[in-house]
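Across the two complexes that follow, chain A remains constant while its partner is chain B and subsequently chain C.
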Partner chain A sequence: MRYYRPVTTVEAVAALASEPQTSRILVGGTDLLVALRHKAVQPKLVVDIKGVQDLSAPITVDDEGITFGPTATMSDVVAHPVVREWFPALVEAAVVVGSVAIRNRASLIANSANGSPAADTSPPLVALSASVTIASVSGERTVPLREFFLASRSTLCGPGEMVISMRVPRPAPGSSSAFERMTRRRGVDLATCSVGAVVDGNGAMTVGLGAVGPTTLQGGPVAPVDLSSQDEMQRAIEALVATATPIADVRAGKPYRTAMIRVLTRRALLRAAGRRNDRGALPDVLGGSSSSTIQADPTIGRRSS
Partner chain B sequence: MTASDVQSPDDIGSDQVNVTCTVNGKPAAFSVPPHRTLMDALRYQLGLTGTKTCCAEGECGACTVIIDGAGVNSCLMLAAEAEGRDIVTIEGLGAEKPRGICDLQESFLEAGAVQCGFCIPGQVMAAEYLLRTNPDPSVEEIREGMSGNLCRCAGYQRIVAAVQMTAQKRAIP
Partner chain C sequence: MTDKEKRTDVAQQTIDDVALQTIDDERAMTGAPLDSEQADALAGRLQGGVKQGHGSGGAASATVGASIRRYGGDDRVTGHQKFLSDLRFTGAAEATLVTLPVACATITKIDTSRAAEMPGVIAVVSAADLPQPVPRFGISHQDRPVLADGEVLYHGEPVVAVVAETLDQAESAAREVEVTFDERSGVFDLEQALESGAPLVRDPSLRPADDENRDSNVLETALYEWGDNSAAADGADVVVENTYTFPMVTHFPIEPGGTVAVPTDSGGLDIYSPVQHPYLLQRTIAKVVGLPLAQVRVFAPDPGGAFGGKQNPKLEPLLAFLALRTGRACRLVLSLEQTFQMMRRAACRVKARTGFTTDGALVFHDLECDYLIGAYADVAPRVMTKGSYVAAGPYRIPNARTAARAVMSNTTPSTAFRGFGSPQVAWATESQMDAGARQLGLDALQVRQRNLVNEGEAFFRGPYEATADGQWHQSLEKAAELIGWGQPLAPNRGRGIAVAIKPGATSGLSQSLVRFLADGSAIAYAGTSDMGQGARTLWQQILAHELGTPLDKVRVISGDTGIVPFDLQTSASRSTVFMGNAVLEACLDIRQRVLALYAEATGVDAAALSEAPGVLVTPDGEMPLLEASRVALGALGGEFVGQGTARRQGRKGHPLGGDAAFYEFNCTAIEVEVDFETGELLLHKHVSVSDVGTELNPLQVISQDEGASIMGLGHSQMEQLLVDDHGVIRNLGALDYRIPTFKDVPVELITHGVENHDGPGPYGSKGMSEGALLCTSGALGSAVSDAIGMPVRDLPLTPERVWTTLNQAGAQPGGGEADT
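So, the complex of A and B:
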């Protein structure tokens, strides 16, 4: 295995293109180092992109949204006041990844780019209409995140390519979001299933669904319903989870996942809806927005991704 | 160095990487094969065996160090990535103190938090990072901040007490 630290994006993609099948990108390393240790991957070339000077900054805010660079860590996401105000579902997902030490290294973009259907931050990002920009030696292209995932661990970012930024549009006035996840036990576990939900100002609902299909899935948008009506809510939830094709694995059986994805969807929708007039009001337990400390709800699980 | 210094036309990257960085306030230089973790380089090349090896995959926190002010698992980082970075290990915390241990370590001893001791360097580094970012943590915040650090002896109550004790000591000017 060789190690290469390019200083420009052009150098980085040229290196990846020189060995498309046997090179790996290194950013946070929290997945790659574990895979290397278990010989799950045996790259000939590791391209450490943290020294690339022309990469997007970790977090850039403008009037229309936020751009994340590859080096944005989960801790950066959790601590950023505008991310907290605009994308509470993303913050709730980022804060349950691994431990503090893992969040200090783990890359937000890599969490999606690895293409795991159980990635914690992908469901909220899909629901929030995120898009990613992919670079290769032949240029750049931007695709919606919901189209980015092809199959488990397979994405539109092919061999020799690299995701160079992620864009999340500013939420429409009056909308909000929430994230729900279930794990078998608190700590160091992958999601049994997870939901990121966005409820618009007019009540339209969109979800991203994790670990109930080969990829992160989008559900909706569905038209506004009366949130207090059990029947209407049930119909909306059925429509939102219609894309889910849960399977049985070590974490849960199919019937259990099938039931729980509906429970989590309901919870996420109700919390997102309830939060709409109360923007930026993440619970204190997630840490004050002025603080760089990461403080998670101790009752929610965590898992290194 | 950048790896391109040793690159041949058809061979991008290098299979031996020279690293210069700062360890516990002093300059350090070493040469590593690319797959070597920072944890192994600290232990076996720099002789800093206070940083422990346990799971070697980010689950237990025994290998915690502070890099450029952030607590990280040194087993999840290649030594090559340490280029230009400022690393603090357990050996660096109390080096200047009369007994060679820092106030956190004193509190761990006082609280009886040290049982077999294996997890303690990682616990102390995680606690040091926690207190630097949150000088007055609640019990819940301590538990969450240190949830990546496992103790086989399960001395968690006393570990939390030791962190609280240190926060109180540090609050007194």
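So, the complex of A and C:
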């Protein structure tokens, strides 16, 4: 295996083009290094793009949105004040990826580019209408993230290509978002299923759904409903999760996933809707666990009697 | 009972403050040896000191009973401690294993020719390259082959070992080994294994002709029975009958471990392996490869967690053969995934039928316990017999029958695991107590108060009766108090309480040497493996106390069969009692020797002298032991060497081979909140109260109790090994086999030790490292049932399982004690 650390994007994509089927991009390494160690992948060439000088900066804010570069880490995302204000769902997802050490290394873009249907940050990004720009020796193209995912571990970023930036448009006034995830334990875990929900100013609802299909799925948008009406909410939720095709695997059975995607969707919608008049109200410290209604704040001690 | 308040604050104090704390109970300081024979000898000597008013002489008394920080703890937390994989061996070759992607198969051909020609390869070894017949080893059954012998019986059983100059070379060559095999139908759960006509894990021809179970997968059985259940059943006012299951779980030591075998110049072997029983490993290796014990030296670096999984030899015999064959040091470091294929706890299914009177008294208790063990016996039959021995629980039961079976399957061989078969059966019995209570309109506390035995009362009846060796009601009441039993509950919450016992070691032998050096420093040689429980700290404390030596001048040497005297094993929470008494006796031996030599050197009549912790008592008053030893040794100098032995013989005819040296008793109480939409649990409060005798080191007692509590939540809430139709472990590794993290521990976790100084160990101590996980499941199940208003009978209580239970029938949010 050859390790190559280019300094320009042109060099990077040229290297990838030279070994299109047998090269791998290294950014955070939180997936790749584990796979290499377990020999799950055995590339001939590893292209480490952390030294590329002309990459997009990790986080760039303008009036219309935010552009993320490949080296933006989950910790960067969680700590950024504008990201926190505009995209609370993304922050809630980023803060439950792996553990602190993983979040300090893991790349936001790579979390989507990896193509896992259980990726934590993809559902909110899909719901937030993110797009990605893909580069290769033949040029660049930009595609909506919801169209980016083709199948499990398969995306529009093909052999010889790399995602060089991700753009998330500034939310329309009066809209907000929230993220909900189901896991088997409160500590570090992979999603059993997850939902990123966006509710806009007039109440239209969009969701991104994780781990209930071969890829991250988009649901909606659906028209505004009376949030206090069980029936209307139920109909909206059914429409939003209509694309979900949950399966049974080692993490959960199909009936449970089928039920949970609905529970999470409702919870995420209600939180996003409630948040619309409360912009920027993300708590300073987000727990690294799923945002279920009950939260552990463990203290261990021996109490004198 | 000792006032606990000052002791419970100990953890928060600095070491200096703590050093001033002593156990001021005279009973605590007199020590209590193991056997009656030893008791007389040892207690006589101890009391000699006490009577003369020197029971807690000198500065040394500040050490026993204080929260001394862990011996070697700084290295452990700063990463300086050398675990097996940190050890470097000049010229060591690396070994790797070839396994099959199925659990059960007949091997038809092994082609190693291409692998043997790969770069760096030193040897490619299959069963055909070993002495024939292929050597087998084991504890009660010598059934495990050094390498797969024509068949594999579980997923991960090694078929071929490759030795090469580097690990990469070994792994590359391993991929070139061609194993041709025919997959066979295997049995992977109890239903499959017990079905009539089920494929047999063990060929009947390999079993004794008079074995009535030889044509089945039942390897061994146990039957414990007293009274007459069928006659008694008529007299019961309420009878509850249910089936409970407990999953296969794995130990998940943070250090996977491994083995390095080094051929010595004299034709012997040095074996490095982080094991709990170095002397058992020494014996096994000597026997399998045909060397005298003196030619096999086992070095046991501190295991980074073991929990029973590192007791019995597994791959060490293979590494021994590889080293002898290649003449090279051979090194194999395991992955976490491989440890899943080396060790696990037996799954268990218990069919229970229990009768009560209207006032909640147990009338009869009938249990059929099937333990799902693995493809080789390991120590699993013993887990079945010892676990089911206490299956009926610590209760007053006039009629009981426990029929237990160890059922083989094509899965990882199950072995000892913290609790040793007790947690599985306690889950059933504690759930039955609740089931009875619900029908009777009693609460979970009341039914236990009604039936729990008092000190000295039998919970196991018949010719080999076992009685409560502690005041267990104190633990029950304390736990109830700490959980706030009877107080109003918030919505969606429930409270549960459970108790359980586990027999300690039934026989044992621990030997220790202590050297008291010329400058007053001391060395203890004690073979207990320190795998995180902090055994060495206790020996350090005992030496400091008994010899009057500052803690920082005490060294402890373990983990080397070449220089440390024999210790049977580090298991069953025995070491405080067994090795503790051996170390204590070695210290007393030293004091006696100092006394005798002092009398000789000074001409003072020995009868006018006595000794006490840290001092020699002369007609002129107390003299520090160090000073007395200098006078005694005179111009030649030198040192004193003391020897101590703790031996407990078994008892002929006893179903466990002997009476337990002590029982671990625990009461756990939990308050849980249930998310009715998702099935998620939030433990608001978790209380564990253990009957510990005497806390020699409260800080270590707390950490053992907390660790066991959290480990118990693992198998109660989330842990389970899942296998597919080929017997392949589906959640092999940390990604999908989940253990609790610190985010999963209860909001409030409270542990408490009841001290009555009534244990057989030094100063009235008992073993206590397993108690807190014995009934975690029972307490959690009880709490969840209370919250949702319906029983749960299968573990683990994952969100999905709780949700499924809720959706099977119309559950109602709870709140308030069950049935009140």
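Going forward, the second predicted complex is superposed on the first by the 285 of 305 C-alpha atoms of A that agree within 3 Å, B and C clash if a C-alpha of one lies under 4 Å from a C-alpha of the other, contacts with A are read in each partner's own complex, and residues count from 1 in each chain.
Criterion: a residue touches a chain if its C-beta (ideal position, glycine included) is under 8 Å from a C-beta of that chain, and two chains touch if they have at least 3 such contacts.
Only a predicted model underlies this, so the values are computations on that prediction, with no experimental measurement involved.
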Going by the contact rule set out at the top, does A:Val13 touch chain B (first), chain C (second), both, or neither? neither
Touching partner for A:Ser75 - first (chain B), second (chain C), both, neither: first
Who wins on chain A residues touched, chain B or chain C? B
Check the residue A:Ile109 against both partner chains and state whether it touches chain B (first), chain C (second), both, or neither. neither
A:Val195 in the overlay: touching chain B, chain C, both, or neither? Say first, second, both or neither. neither
Please indicate which partner A:Gly98 is in contact with in the superposed arrangement: first for chain B, second for chain C, both, or neither. first
Does chain B (first) or chain C (second) touch A:Val250, or do both, or does neither? second
Tell me which partner A:Met162 touches in the superposition: chain B (first), chain C (second), both or neither. neither
Of the residues on chain A, which ones does chain B touch that chain C also touches? 187-188, 292-296, 298, 302, 304
Any idea which chain A residues touch chain B in the complex? 1-7, 11, 14-15, 18-19, 26, 29-30, 33-34, 36-38, 45-48, 50-51, 75, 98-102, 104-105, 187-188, 285, 291-296, 298, 302, 304
Using the touch definition up top, name the residues of chain C that touch chain A in the complex. 4-5, 8-9, 11, 171, 478, 481-482, 673, 675, 677-678, 680, 682-683, 702, 706, 717-718, 722, 730-731, 735-736, 738, 740-752, 798-800, 803-804, 807
Touching residues of chain B toward chain A in the complex: what are they? 2-4, 7, 11-15, 17, 33-35, 37, 56-59, 61, 64, 70-73, 75-78, 80-81, 83, 126, 129-130, 133-134, 137, 140-141, 143-145, 147-149
Of chain A, residues touching chain C in the complex: 39, 182, 184-190, 250-253, 255-256, 259-260, 263, 287-289, 292-305
